[in-house]
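To keep things simple, chains are lettered A, B, C and D as they appear, and every chain counts its residues starting from 1.
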Amino acid sequence: MGYAVVTLMQWITCAEEQFQSHLAELNALDAAIGDGDHGSNLARGFAKIREKLQANPPETPASLFKLVGMTLISTVGGASGPLYGSFFLEAGKIAGEQRELDDATLARCLQAGLTGIQRLGKAEAGDKTMIDALEPAIHALTNKAEMGVAAQKAREGRDATIPLIARKGRASYLGERAIGHADPGATSASLLLDCLASACLA
Amino acid sequence: MGYAVVTLMQWITCAEEQFQSHLAELNALDAAIGDGDHGSNLARGFAKIREKLQANPPETPASLFKLVGMTLISTVGGASGPLYGSFFLEAGKIAGEQRELDDATLARCLQAGLTGIQRLGKAEAGDKTMIDALEPAIHALTNKAEMGVAAQKAREGRDATIPLIARKGRASYLGERAIGHADPGATSASLLLDCLASACLA
Amino acid sequence: MKALINQPDQVVTEALQGMAMAYPNLIRLHENPQYVLRADAPKTGKVALVSGGGSGHEPMHAGFVGRGMLDAACPGAIFTSPTPDQIQEASTAVHGGQGILHIVKNYTGDVLNFQMAAELLQNDGIEVHSVVIDDDVAVKDSLYTAGRRGVGATVLAEKICGAAAEAGANLNAITALCTSINDSARSMGLALSPCTNPETGQASFTLGENEIEYGIGIHGEPGRQRIPWQPADTLTEKLMLPIIEDLPFKKGDEVLLFVNGLGATPLLELNIVYRAAARLASQHGLKVSRRLVGAYMTSLDMAGVSITLLRLDESMRSYWDAPVCTPALRWGC
Amino acid sequence: MKALINQPDQVVTEALQGMAMAYPNLIRLHENPQYVLRADAPKTGKVALVSGGGSGHEPMHAGFVGRGMLDAACPGAIFTSPTPDQIQEASTAVHGGQGILHIVKNYTGDVLNFQMAAELLQNDGIEVHSVVIDDDVAVKDSLYTAGRRGVGATVLAEKICGAAAEAGANLNAITALCTSINDSARSMGLALSPCTNPETGQASFTLGENEIEYGIGIHGEPGRQRIPWQPADTLTEKLMLPIIEDLPFKKGDEVLLFVNGLGATPLLELNIVYRAAARLASQHGLKVSRRLVGAYMTSLDMAGVSITLLRLDESMRSYWDAPVCTPALRWGC
């Protein structure tokens, strides 16, 4: 299918709603193995994004991604601000001037975003971070999977973080005590993929 | 009967035991309308008195009272230290060189002690203080009552503080909120009279 | 009780020892009886300032010993006034031949013990004046109470009178200054949580999830009233208005605004209260020209705040600005 | 949540406003984006020191802005690193033409945001060095963690490097000094209670009546281990030994001993910990020649303590003694 800016705006709007409604849950996940603010951080960032989107609706996928990335960087702070921010900034660079992205281009955008996160945060799969949800999902998309399948992969990736010891971020200070808790960033990443899938269906 | 220094030492020893075993109760009464230390204060003072009595047993009632008074003043602090301290110092001044006090002299000692407390603290009966237990008891002794009757008066005086608003000490800051609580100082004074009565019987 | 202590009955002694070890250039500790004195005491030719009271209010008073403030502090047991002989010895140790000012907070225990000490000192031929601080507007000052408690004004009086003594003022002048500070200052506090006495392990009272003790003292005694939680700006107004009305402070008055943390309240919150208090002061035409924000007179681990307003005259202001060199208050040195 | 706040999302802003109102001679507040800068910034010809991090650690960092310490502080939301543009604007505002040192605590968020800011600044032609502080021995420093956290050494580095900048040292020299402070300092902390984030109203963890989180950071994150309560002297030893062994500190080393309260712990208890820590230091042959005791780097209303040891050389010692004129640390002015 094709992803025009309206579809992608639905993605971002859904993400805003999801982060808002899962705010307490994401904070609680972060409290267990971090500092308890991941939900508040994302909610703050996406609230600002909504404001900006309403004031100045972007005309291309690239300008949407850029706006989302810049806003996350300038309002979220913490680890997730620069990481998710880079994700969207890098994705936007691939989107170019196109008015509508096809499946393959969107997959390349997301892959570029993932690479951006990894360049910045130096995490690999298995480190108990957002990468664990993003990587399998984006890998599936690159291999032409349906969006619903990708979202499913992200959820599995999130669940797979539960038994892990963390090697990046605050949770890495905990050693074995991180075992038994899902990573908050992997959880928010999975919500992001769920929203992308539902925007496709709409 | 006659009160030799051994009898009076039994009084003081009993008081030490009672304040120790009622420490938490006196603190709790004081927490309700004051700062929660009345039991600790008296226990600290009387523990020091026991130490000194063991090291240097006094030979006359006067020297016992003086030792008790001085020790309370120098180890208790707070409001009750100077007040109970003066009580015993003033009592000691009346006891003179006598080896044994008769009932009337003891009553005069205690009355002098009470006057000392009032000179220092300016409280009257009904102000919700130790006076409310001491005054009716000592008044009874002056009128030749049995020691057991005096102790009973002190207990009644203590109970009579429950419905009162306080006009002296920390409890006076509470206004109406002091109503419903027995005064800690009246409670310790009543224990002191109980001990005097039991020392008489022994 | 879960606190950073060893023996409950050694809390005060060990804390004083630690403090003396941390500030060897400023203070010395005397044990048996316990008092803290300026490292360079006695200062011959200077009036000596001595204060004291129960422990549990740190940094008050021992943290205020040093050049430009107190010559000695007499710490009692937790929330228990010091004893007369302790006060007498401390006063004698710092007496510089020009007499002594006792700064006493108005609690029956403090007043009685300092009064006995003053008598002992006068018997020894040492001139002693006492000023009793009673600035707490939460308490009705009437024949039917022990009078108002001494709270935040104590810190301000110790700083300002300490500077006056350092500058060579005589005992009469410093006594008059201290009295005038007390007459020009009003305070009020509230608690969001009780405190726990490490000597007994007992909480001073219990408060519901949403309750506040309004009109609290500094010894964990219950306040005058229990009220529901309200936003910081509203609570600050509930402290400020009775203060402003009581003196009364008037349009055009120059004031020092002191926002004091009771122990466990984060500086973040004290700053929010300061913001609200300073705005209210301006709205009432008061000119806030000096301020102090922090935990200076605490109730152990109590969460809460007290506010003190002092109407400044020129001499108070310049003594406030003068150097002070103590563990807890320090500037100009 | 029962705290002295108004709107949960306005806590940081209002607290900064209050702080700026309380110290008009020392600092200024810039809003949108939020940063605190020296009243007299920019200081032409001087290297500018900029730090920042999540709020909730007051007085750090805004309380350390002023002559002899930081030129600017960038406070994020509670426990959330500031953003790159905030850091960029603050740095630009205080740049005096001699370059900028960013003092960054080693948390992924802080490191990433400061790194992005440094890139933005370098694009603008401003020279920026960064030193990442990672002194917390509770965390294993290995390829398999985000590395050690930055804790108490941050305060000491800001003070000492601030004095060097004031004295005219150049950017390379200050960067080297900061690195050397970080290399010479080790810290460890424990908590007796969780903290409660006023923005979310949530406690960071729950602890039993008798439990302690050992090896805690400063963001309410759980520690490495949960242990039962023990006397202060034992707990202090459990903090001191890993610190001493890690560097390792050696017999004859001259050290600065920093006992830091995490927020709700009374000074009384900090002094007891200082006493135990100073004794242990002596027993290990360390010479404690400078010290700092108080709540300087907090976790909101958390009860607990952290200890930092810094091995002093002569230049660090003399920069430590140099005047500092900030809301939270002040001497010599």
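As a convention for this text, contacts are C-beta pairs under 8 Å (C-beta built on N, C-alpha and C of every residue); 3 or more make two chains touch, one makes a residue touch a chain.
As the structure is a prediction and not an experimental result, all values here were calculated from the model.
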- Item | Those chains which touch chain C and also touch chain B | none
- Task: With chain centres taken as the means of their Cα atoms, state the distance from chain A to chain C in Å.
- Result: 54
- Message: On a C-alpha centroid basis, what's the spacing between chain A and chain B, in Å?
- Response: 74
- Query: How many Å are there between the centre of chain A and the centre of chain D, using C-alpha atoms for each centre?
  - Reply: 31
- Task: Return the residues of chain D touching two or more other chains; collapse runs of consecutive numbers into ranges.
- Result: none
- Contacts with two or more other chains occur in chain B at residues none
- Message: Can you give me every chain pair that touches, using the contact definition above?
- Response: A-D, B-C, C-D
- Tell me, which parts of chain C touch chain B in their complex? 54, 76-86, 107-109, 112-113, 116, 138-140, 143-146, 149, 197, 199-200, 202, 204-205, 217, 219-222, 224
- Message: Looking at the complex, which residues from chain C come into contact with chain D?
- Response: 2-7, 11-12, 14-19, 21-22, 55-56, 58-59, 63, 192-193, 198, 209-210, 212, 229, 231-233, 235, 263-276, 278, 291, 293, 295, 298, 300-301, 303, 305, 330-333
- Where on chain B does chain C make contact in their complex? 24, 27-28, 31-37, 40-41, 44, 73-83, 120-121, 165, 167-170, 172-175, 177
